[in-house]
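One chain, chain A, links the two complexes that follow: it is found with chain B in the first and with chain C in the second.
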Partner chain A sequence: MKHRFLLSAMLVGIAALSMLAAPIAAQQRPANSNASTWTPPKTPWGDPDLQGIYTSDDYISNVPFARAAQYGTRLYLTDEEVAAQQARVQTAAQNALQEFANPNANVGTGPPGHWGERARNAPRQTSLLMEPEDGQLPAMTAEGQARDAAARRGRQGAGTALPADSWEGYTYYIRCITRGIAGSVLPVIYGNGTEIVQGPGYVMILQEMVHEARVIPIDSRPHVGSNIKTYMGDSRGRWEGNTLVIETTNLLGERTGIGGNGGGVTFSDAAKITERLTRTSGDTISYSMRVEDPKNFTAPFTFGFPIKQEPGYQNFEYACHEGNNGMMNQLSAARAQEKADAEAAKQK
Partner chain B sequence: MRTRVLLVAVAALMLVPVSVWAHHAFAAEFDATKPVKLRGTVAKMEWINPHAWIHMDVKSDDGKVTRWMVEAAAPNAMLRRGFNQDSLPVGTEILVDGFRAKDGANRANGSSITYPDGKKLFIGSSGTGAPVEQ
Partner chain C sequence: MRNRVRLLIVVAAIAATLLASVSLLGQAGAAGIPRMPDGKPNFTGLWQALTGANWDIQDHSAEPGPFYQLGAAFAIPAGQGIVEGNEIPYRPEALEQKRLNRLNRWTADPETKCYMPGIPRATYMPYPFQIVQGTGKIAFAYEFATSNRVVNMGPPTKAPVASWMGWSNGRWEGDTLVIDVTGNNEQTWFDRAGNFHSDTMKVTERFTFRNPDVINYEATIEDPKTFTRPWKMSFPIYRRLENNAKLLEFKCVEFTEELIYGHLRKPTN
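Entry: the complex of A and B
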């Protein structure tokens, strides 16, 4: 289900339009941003200071990845639309103050959607996709589509009731291995914390869920050899004014996708990822990720959203593999299902 | 206890589809046709990722005690909603509503717990494709 928006976006087939996309810089900031006047603090060694613990919770569920047709090429909501979002945020906050469920509550196996982590501030965007201008994911190449489909067919144990033959039939997320470079930053239903720590010559970025820490050298050393590929790739950072620009290559192809927790259509081993982080106020960083992947996509695309420090918000430990009982339980459930199916077939 | 869980005052809110709460799909592990109600005491609480697990001793009518494992939400999500390490101490009497594991083991997905005083908390984890309790 989390892939649905991506699939529909692909079907739109907007390759031609995306070629006409205007530079995104002009539409990356809402009109009322104070980014142009605010001066970020510096570290003792003189780099812009991005350090802190941030969350993308404000974009958890109210902002789709691809833009709804009604907004056209408009990335930012109007003041009236923001006010409507604000009302939703306040209602959710009000609901969350209730301490106990009604004894007769009609409870599903999951809690109601507003039980969990939620936006504290109204989001201002119409979509996470900023480029192309129409906010739709560019079409995949035919070759990329085939590779993506084949790779994901082998991991269908996740998100469906299809029984898997082995742990390898599940996504890298379900297996607690990785959410991938895009899947780690996209807002999901919980665990959206990002911690940034800087040292002279390095920036470390830690995502809470699946706890991947990227230690990024801030210099112009060359990337590792092309025969070395990893889930999170090889990153190099540089400062462009107050913006941290991180370029990542050497990614393993078709392992994780352009969706929350690494779901969604996958990028190839030729993907070049460019992230931009700019502190726009004391508590907010403007974050974006540009994906250039001519092997799998017909045009580059960029998604982004602000991440924000919140009072009291912290990252929690997330050792995942050690306690992943669900992995074993799903496999034993799959075997039990096979046995039941076989017995049912015999009786026919 | 300072656990904050929602009073479901507005029925309409329940119609909002629950997002992917679980680390895994409900149907891959649990059987939606086998709802269970487990009354017993907490024997051990595991605050582990990606899902917390309640181990509880359930006494049947004939006095036999059986150990069950009940899956709850991600501990970090529960912590942010007010649960803490003292929320479910050993010996706590609870009633769990949930759904049994597909492999027939004494294991269930928990959707809510009810304390002896009637207070009911959501602990649910797997929102994907899960049925609504009747």
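Entry: the complex of A and C
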């Protein structure tokens, strides 16, 4: 009898444990399935669940920011056009594998090809710009044009032939400060990972390159005071159905721009950014960023692309500034060259 | 027999309910703490430690700052340390290194160069940090240097490579969040006083709610290359309760460039 009771008690314990475990199992995401019948999963506290590690790799270099004239107002490729793109994607992947087949094939001074990331699936869009309908950037204001011209004169990126007089002549990205709010999401050669972690009342969006961690409160609290300006801005989020809408203001003006790694026309301090993230399948989020910057542009515009979970894709710590030997080497090489030139001139 | 079965079912139901409620209530002394829907403590929020440990994790007296021109504003306040027992069990050669580090602290401390502070230092730097507790991961964003880490709450994974912020695997022990941090590089310090470690350091952190707005934090340091035995630090972490308190940006790289690259600026004629 005693034994039987003990056994029962153990069974009860196991039953209780499995009761507790059941909700955890229920949180597992469904596998990728048909978008039309697909319902986004929810977090245990009831928000649409966007969590995961995503990459924009499929849109690397294959899709221009502004649309080629031939496509007119057409944002999406036809199935035939996508098939042609898919062939290109596969050829590129095979070429990349050659590097491992012939380890001595890379004899240049640049990094080997496998340092980069590349598309796995053919992109469907004709341009990253979605609004206006013609896929072109709206006209700039006179103020914006003047500001942009001045910024370009005082700035250089990697690989330019301009003299490396000071670190101040380099972009905020090359200096490992930030890529800014747009530059951190636009697809580039590598480091395109975005990890989303959600907690009750907050979403954190972590971007691998230059290790950005954006903390987005999901409530109606106001933005921080207007005298507080930051590179990544001050973000507030809300849910519109299954879409996370993030509104960002308080940007430091004239630092980073609307191009990859923060290049391109720089945001003004009046810019208002609205991002929309919607999970459209088990492994894909539809992402877009709308820019309203009346000091620079005569109309708002929106760019976007899908970001996707890929098997085995993960983020690493991108200790950019800590390992910025490139900056040290460029500056010291420039000074050494000047010294050598001066000595050569003396001997003449 | 049938009655006995029925009785057993009733007892079973009561026991299951009790078991479930025990696991939801958690340990004594932590009543009313925020919890996730699954009953685990919810550490999501903006937090900050209030120790003087970033100056020195051990007991220390007040001292002048490095620049007399800044007078009292940037002098060093006295502080009670966070090391349990106050003693750090350095190996003899490591103690000598610590002495040298302290001697050169104003130039050698990686904080000066805006390098990621590593764990545990990120926790007690005089800046807030945000925790966002997800369902499979817990993300930490530290204001200093935009450093951050994502704690894996699934089956533990191995550090792929040594890094500044290390590789964090977390688990629950009752209401305590335990995080093992491995894969630490040897370049971070514990404080501005030159306390340091090697790349064999393993940090075991423990986060336990004392009340809804205070976390008891403990970190056990194991590093056989540097210390003769494991040692522990502990201190409370407070929730930032100001209206609209928000993690801001301290992207300090541009405050350090003159220091790091200044000697390489092209001289003006």
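Heads up, the rule we're going with is that the second predicted complex is superposed on the first by the 277 of 348 C-alpha atoms of A that agree within 3 Å, B and C clash if a C-alpha of one lies under 4 Å from a C-alpha of the other, contacts with A are read in each partner's own complex, and residues count from 1 in each chain.
Note that in this section contacts are C-beta pairs under 8 Å (C-beta built on N, C-alpha and C of every residue); 3 or more make two chains touch, one makes a residue touch a chain.
Here the structure is a predicted model, which means the values were calculated and not measured.
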item: Partner chain in contact with A:197 - chain B first, chain C second, else both or neither; value: second
item: Which of chain B and chain C A:307 touches, first, second, both or neither; value: neither
item: First (chain B), second (chain C), both or neither touched by A:319; value: both
item: First, second, both or neither for A:291, with chain B first and chain C second; value: neither
item: Which superposed partner A:95 touches (first chain B, second chain C, both, neither); value: first
item: Partner chain(s) touched by A:335 [first = chain B, second = chain C, both, neither]; value: both
item: Contacts of A:230 with chain B and chain C, given as first, second, both or neither; value: second
item: First, second, both or neither for A:174, with chain B first and chain C second; value: first
item: First, second, both or neither for A:61, with chain B first and chain C second; value: first
item: Footprint overlap on chain A, where chain B in one structure and chain C in the other make contact; value: 163-164, 176, 316-317, 319, 322, 327, 332, 334-335
item: Interface residues, chain C side, partner chain A - complex; value: 8, 11-12, 15-16, 19-20, 23, 36-39, 42, 44, 114-116, 130-139, 141, 145-148, 150, 160-161, 163-165, 187, 244, 246-249, 251, 253-254, 257, 260-261, 264-266
item: Footprint of chain C on chain A - complex, ascending; value: 8-9, 11-13, 15-17, 19-20, 23-24, 27, 43-45, 49, 51, 163-168, 175-178, 195, 197-204, 206, 210-213, 215, 217, 221-222, 224, 228, 230-232, 234, 315-317, 319, 321-322, 327-328, 331-332, 334-335, 338
item: Chain B residues touching chain A - in the complex, by the definition given at the top; value: 3-11, 13-14, 16-30, 32, 46, 48-51, 53, 69, 71, 73-77, 79-81, 97-99, 101-105, 107, 109, 111-112, 114, 118-134
item: Residues of chain A touching chain B in the complex; value: 1-2, 61, 95-103, 105-117, 157-161, 163-164, 170, 173-174, 176, 188-191, 208-209, 260-261, 316-320, 322-327, 329-330, 332-337
